[in-house]
Structures are given as structure tokens and as C-alpha cells.
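Right, I'll just put the structure down here and ask away after.
Chains here go by letter, A, B, C, D, E and F, matching the order in which they are written, and residues are numbered from 1 within each.
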Amino acid sequence: MPVVRVEMWTGRTHAQKQELARVITEAMVNIAHTTPEATIVIFEDIPKENWAQSGTLASDMET
Amino acid sequence: MPVVRVEMWTGRTHAQKQELARVITEAMVNIAHTTPEATIVIFEDIPKENWAQSGTLASDMET
Amino acid sequence: MPVVRVEMWTGRTHAQKQELARVITEAMVNIAHTTPEATIVIFEDIPKENWAQSGTLASDMET
Amino acid sequence: MPVVRVEMWTGRTHAQKQELARVITEAMVNIAHTTPEATIVIFEDIPKENWAQSGTLASDMET
Amino acid sequence: MPVVRVEMWTGRTHAQKQELARVITEAMVNIAHTTPEATIVIFEDIPKENWAQSGTLASDMET
Amino acid sequence: MPVVRVEMWTGRTHAQKQELARVITEAMVNIAHTTPEATIVIFEDIPKENWAQSGTLASDMET
């Protein structure tokens, strides 16, 4: 039953999403006592120019 | 007043979205007693590599 | 696979949600060619004091 | 602590997003008494063919 | 057309939400060139026990 | 920078949310290479009467 939505900056690889989906699902099953089949994980890739903190777009920050 | 958000895998056609928007709006009006003008439907196309169930990305499943 | 999220003002009855879930799921199956089991509908009841249009909270509008 | 999510049609410029992020963050700080660092603003660009009102996709409306 | 969703901790007053709705709508109109009528602002009050940063629920932090 | 949103049925305990927040944050740090401080986890408790699968509200299912 749980739906987990992960918003991150664009740039995570396929392998990272695979690993995140696996570990988050495992956490939901072990801790929240749901089943793997019932656990949906959705990734949303947010471009840096669509994400702001402290009033500044991430694409405008020097990192 | 209702906002309906539909998350589906990428691949639905324009015609399918037209039909879904029409039928969902109709349902909101008839059942929830709102007006068509007040009903917003937003589609989000989720690529299969951004969607996991049972801890596996949909793009890695054999379907 | 679709997740449908319906945000409406608080006050819809259990029967209205039953009917909406049924009709929206049917639409997803018939139009988007998914299965009923794969279709999740989530309702979020929004109090009128948490919803604004034209810059005014719905709880402050005369309707 | 606040997360503000802005869903608009595709087409807003980088400068518009900069200005929106700045003004919305300022509003959160001044009115909701949070800090700029704690305020996240996320923009989601919605293509007109993914947005419907009155049961009609925005891409099908004459505006 | 924009939908703005503001997630904040529970505790903001009615007056704060009024003011936020007003200022955010104004920003959308002035900067993103939409109309007030087309701008929807939704507040979601998140209890501190439902919000974590650095892996710790806000209700468990000393502030 | 990531925001993780977990929608589950009402009924998870404070201890379960603590543990989920800890493990999910750890996963984001280890796998997606972000920092704990930048990782926000938000839980949304969904009552069973607001959640449907196969067109039926969870509160109407025999489990």
C-alpha cells in the first residue's frame, strides 16, 4: 500500500535508482510491515533550474 | 475545486489523455457535485526507469 | 500502475468516494488499458481554510 | 522547513523562476517565520497536453 | 493555471495563510503572467512527527 | 536536496516513522550521495477510507 515518491536532482544513474528502490522497499517491508508487491517507489528527476533553496535556484548556486 | 493528478507510465496518447480528462471531469461533476470549470486534471508521465514495484524498476521487469 | 490523487474539499461522503474510486478505476482500465489491481486512487480532503483561489481562502469566500 | 511546489505550464523563463523563488521564499520568511535556508521551492513544468480544465486538455483549447 | 502547494508544519494561523495566499497569488500574476482566478494555493499542514531532516523526526529535535 | 514523501495508511507508530526516516535518509546519503541535512522525509498518513485499489476503498475490503 505505500507509495514513496523521491524527488532528487536530475543525474542519478539507473544503478542508483535500482539500489534506492531496493533498499527503500526493504525498509517499508521490514519496518512498516507491508509487502514488496504493495510498495511503489516513484522517482522524480528535478532539473537544478527548477529547484530553489534560500530563494536561489540551484542552477545559479556555486557548488 | 478538485485537482486530480494522474501518474502513469509514459506512452499514453493524446487521445487517451483527452478521453481520461473528459471522463474524470464528468465523474467529479456528477458524483462530487463540482463544476467542470473548477475541475483540473494533471497528467504526469513517469518513465519506466523511474517507477518501481516490489523493489524493482519497471524498466527492469519483463512484462 | 497508475496512481490517481484526488484533492477535494473536506465533506465528500464515504459513498461519494466509493463511487469516484469505482468510476475513475474503470476509466483507467478502459481508456489507459491498465488493470484494476494496478490502479490506486488516493483522496486528500482539503479543509476550506487550506485552499485559496484568486488569493482568497475558500473559507473566507461567500459561496 | 516549508516545501513549496509550483506547477505551471511549460514556458516560464529562467528569470521568471528566479524571481518567483525569491519572492515566495521572502513571503515564507516574513509571513510564516521560517528561514530562507529552510525554504525549498520546486517548479514543475507541465506541458499543455498534460493539463485539463472543464474536461478539455489545455493544448486543445483556443486561448 | 498554476497550482501552488505549500507544505509547512502545523501551527500557521488563519491570518498567516490568508497573507501567504494573497502574496503568492500576487507573485504568480505579476511574475508568471497568469490571472488571480487561475491561481490555486493549497496548504498542507504537516505535524512535526511526520517530518524528518537529517534522519530525525522534527518532533524529536530540540529547537 | 532530496525530498522523500511516504504515503502509508494511518497506523504507523512514532517508532516506525523514526526508523523509516533514519533508514531512508541513510539510503539517500549512501546511494544518492547527498548529505543527511539535505534530506527531508515527509510522511502522509492516509486513512483507509481515502485509499482505493481495484476500485474499492481499503476501508471496504476484508483484509
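What to note about this one:
As a convention for this text, a contact is a pair of C-beta atoms (placed from the backbone, for glycine too) under 8 Å apart; a residue touches a chain by one contact, two chains touch by 3 or more.
These figures come from a predicted structure and were not determined experimentally.
Of all residue numbers used at the contact between chain E and chain F, under half are used by both chains, marking a mostly different-residue interface. Using mean Cα coordinates as chain centres, the one most removed from chain C is A.
Think of it this way: of E-F, D-E or B-E, only one pair shares over half of the B-D contact pairs by residue number, and it is E-F.
When the interfaces A-B and B-E are ranked by how many C-beta pairs touch across them, A-B comes first. If you average the CA atoms of chain A and of chain F, the two centres end up 12 Å from each other.
Chain C and chain F have Cα centroids separated by 20 Å.
Of all residues in chain D, those that touch two or more other chains are 3, 7, 24, 40, 42, 51, 53.
Listed by label, the pairs of touching chains are A-B, A-C, A-D, A-F, B-C, B-D, B-E, C-E, C-F, D-E, D-F, E-F.
Residues of chain E touching chain B in their complex: 3, 40, 42.
Partner chain C is touched in their complex by these residues of chain F: 7, 46, 49-57, 59-60. On the chain F side of its complex with chain A, the touching residues are 1-9, 12, 16, 19-20, 23-24, 27-28, 31-32, 34, 51, 53, 58.
Of all the residues in chain D, the ones that touch chain A in their complex are 14, 17-18, 21-22, 24-26, 36-37, 39-45.
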